[in-house]
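Some structures to go through are shown next.
Across the two complexes that follow, subunit A remains constant while its partner is subunit B and subsequently subunit C.
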Partner chain A sequence: MSAYVVKHNTHDSESFDVVRLHGSILRACMAVRAFEGESHDIAERVCKHVIDWLENKTEVSSEDIRRVCSSNLAVYHPEAAYMYEQEGYIL
Partner chain B sequence: MAKQQYDFDLIVIGSGAGGSVAADIVARAGQRVAIVEGDALGGECPNYGCVPSKALLHAANVYDSARESKKFGIRLAAMGYNYPSVKAWKDQAIKRTGTHGIEKYYRSLGIKLFQGTAHFLSPHEVTVNRRHLSSKHFLIATGSRVELPSIAGLESVNFLTSRTALDLTRPPKSMFIIGGGATGSEFAELFSTFGTKVTIADIAPRLLPHEDEETSATLEQFMRNERGVGVLTKAKVIAMSNDGPMVKVTYLRGGEQHVVKAEKILITTSKVPHTDLGLENAGVEYSHKGIDVNEHLQTTAAHIYAAGDVLGHYMYTHVGVYESRIVANNILRKQKISPDYSAVPRVTFTTPEIASVGMSEADCLRRDLDIKKAVAPLNMITRSNVTDTKNGFCKVITDTHGHLLGATVVGPHAGETIHELTIAIQHGLTARDVANTLHAFPSWSEIVRVACSKIKV
Partner chain C sequence: MHERAKHRLLILNIAYIIGVISMTSLVIAGLSAAAVLWLPLEYLHTAWLVLITAALVVGVLVMTTYYRRGKGTRLWIPRSFASYLEDRAKKTKNVVEAGALGIISVVAELPFTAVLMAMTALVLASFVMLEDFVPIIALYCIVATLPLVTMTILLAGGHKLSRIQRWRENSKLFLQYAAGAGMFAAAVYAWVNFVLLGGAI
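Up next, the complex of A and B:
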């Protein structure tokens, strides 16, 4: 994984942190009362989608991560996706 | 001073037909231009598309002509082919397209070249290999990619695409082609000529479903009778699995499940525009079908233009070049122009060659147009007799006043013959105008005159 993420506000670039993304998704799932095990499972699946999407990219914006993550999360848990979109969990 | 606000005046994303022409014109006008290319320079057409496939088809046609030469009294002592040499010929044709050494050409024009994938970070900024480039204008010409069909087990078999099939080192013993469009039909022609047992399948009721029915019928008949190709229309491939060195293909047809085995699977189903480049960050709207543009080829972000396959309508090199020229004009001049798609020629390089332009009969019916049509079979002209070529026809469609709306030519050199009808349609000529034009005897073009003379207004 060599992709970098350009932050929306500061325009700084930092290495993509999958652990951080996993945590954000997990929090969104738990916030809508998803079971802990289910939340971990969803977070893992969504992270895999994001990693696959990043495969041929060197640099993306934090908005891209938010958008791709959110659209994939909506497949598994629409309410968590809504929560993820509304809250400032991203990176 | 405002000009220096950005690194460039134009950044072209994609160096294929839709991008390179605009880059060339805008750079010649003294603007600062950059090209970003994530794959081979020159794009799909010269590297993996039209040029290599037509070079291989030419070799196949020469081989086929040699096999047929006996009936003209020509005797050949030995007949055969060496496929690695055929492939070498194809590679030579690619090298001669001009994409080799194009870097030097771009440098001479002052065009900066960046190898890597571009990704928008904001409306005026892209990142390429973590290098941020800004520009006043952008042209998105990223082309298209093959969309794999949803077939169970597809990922477990070693299938070919229109790109990888060009690099086979020998023709396979058998091949199952999924997709009966122009690309699938051309590959069926190519490999069946070199002795491969080809089966071509499509969910559509006929090959080349976008062409007129007579066209599909003529091609299907030739493929079945002359080439021994198995044509499976209305067939839905549902599963694939490895079976030793072969691939087992399961398909549904006529409500029944069938199984066929083939050495190679070739997928030539639909292409989808390549839009995964952070368009959301630039405010460019798009869908699965392609990028939305207005009549001046501007996207929803007015300073960003799009041209070529990425628009998702006419996926042809010549349309890409045409649109690219229009984009260059619209960037350089205040007076913006719009593309005219009323006469887009389309050619399928099979035997017989198939070319069409303008509206098909089905298009006219969908628009509820009152039309007149005429079909002239190829054997009405002398050239057909002297070359012993019987398969083919010319069909013209006009409005009730005789103005040409669409035309199809099926036969040798149809790809050349179609252009007089293209001019006629684009400039609003009538069938009578074409029929009253002298056509050299005995040329293939005579078939156009004959068909047009059959239209009575």
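Up next, the complex of A and C:
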């Protein structure tokens, strides 16, 4: 898996960073008061789904990642998925 | 959420509110001092007319553009300010930084709040004795920070951030019309009381 992610605002391209995605999911889970262990577990599972989805792709947009991640996160924690979707849209 | 994390969040919220209160009171006190020192009495009427017109314009702007279109609750504050605040708010663990964020957020919202602050300053400069400035500025700060205090109490009481954000998103039209209507009400009150009747508070 060596997909490139095109950023929504700047249209810059960068390689997919799973650690960053893990951090975003973790923050969303913690924001809805999920326990730390549970948050890490959910983040790991969702990251795995996203990596699987990226397997046969070379370039995707950051919005695609957000959409796929959010739909998978909704399975494990709908409230966290809502907060993840709202990231960057709150202020 | 862990008790310690909850406690930390509460402390950061309180520091943020203190930052907002400090900056709001400084802006009003500064504007009042400027009005006392540099606004001649014969221009008071003109100053009220300018502020009332500005309040009506800002009222219309608040009603139409306070929240950006689309999903979420993005405000019409400069994007660089918004992304800076959002980015720092996620990362801050320090009470001093939380207070500084409160100060910056007041500056970022000045395009929408400056008129009301200037009106308050003009009332203070025109009708209020110097020793009564502090309680009136304190009253303004209490009213201005009431939503923030409510939010802090809700979070401290165990309400989820997602629930509060969902309420904000669902009620954003109501909130912006209410804020705009508030500006109109202030403009009408100032027009009748200070321009037509030339009266005191």
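Remarks
Basically, the second predicted complex is superposed on the first by the 88 of 91 C-alpha atoms of A that agree within 3 Å, B and C clash if a C-alpha of one lies under 4 Å from a C-alpha of the other, contacts with A are read in each partner's own complex, and residues count from 1 in each chain.
Keep in mind that, in the parts below, a contact is a pair of C-beta atoms (placed from the backbone, for glycine too) under 8 Å apart; a residue touches a chain by one contact, two chains touch by 3 or more.
Model, not experiment: these values are computed from the prediction.
When both complexes are superposed on subunit A, subunit B and subunit C end up sitting side by side without clashing. Between the Cα centres of subunit B and subunit C, as seen from that of subunit A, there is an angle of 130°, stated in steps of 10. In the superposed model, A:Thr10 lies in contact with neither subunit B nor subunit C. Of the two partner chains, subunit B is the only one that A:Val60 touches; subunit C does not reach it.
Once the two complexes are overlaid on the shared chain, A:Glu36 sits against subunit C while remaining clear of subunit B.
Looking at the superposed arrangement, the partner reaching more residues of subunit A, out of subunit B and subunit C, is C.
In the superposed pair of complexes, A:Arg27 makes contact with subunit C only, with no contact to subunit B. Looking at the shared chain after the overlay, A:Tyr82 reaches subunit C, while subunit B stays out of its contact range. After superposing the two complexes on chain A, the shortest C-alpha to C-alpha distance between subunit B and subunit C comes to 15 Å. For the contact definition in use here, the subunit B contact set and the subunit C contact set of subunit A share no residue. Considering their complex, residues 116-117, 119, 121, 127-130, 276, 278, 280-281 of subunit B touch subunit A. Interface residues of subunit A facing subunit B in the complex, by the touch rule stated above, are 4, 6, 13, 53, 56-61, 63-64, 67.
Across the interface of their complex, subunit C is touched by residues 27, 30-33, 35-36, 79-80, 82-83, 85-86, 88-91 of subunit A. Interface of subunit C with subunit A (complex): residues 1-2, 5, 70-75, 77, 82-83, 85-86, 90, 158, 160-163, 165-166, 169.
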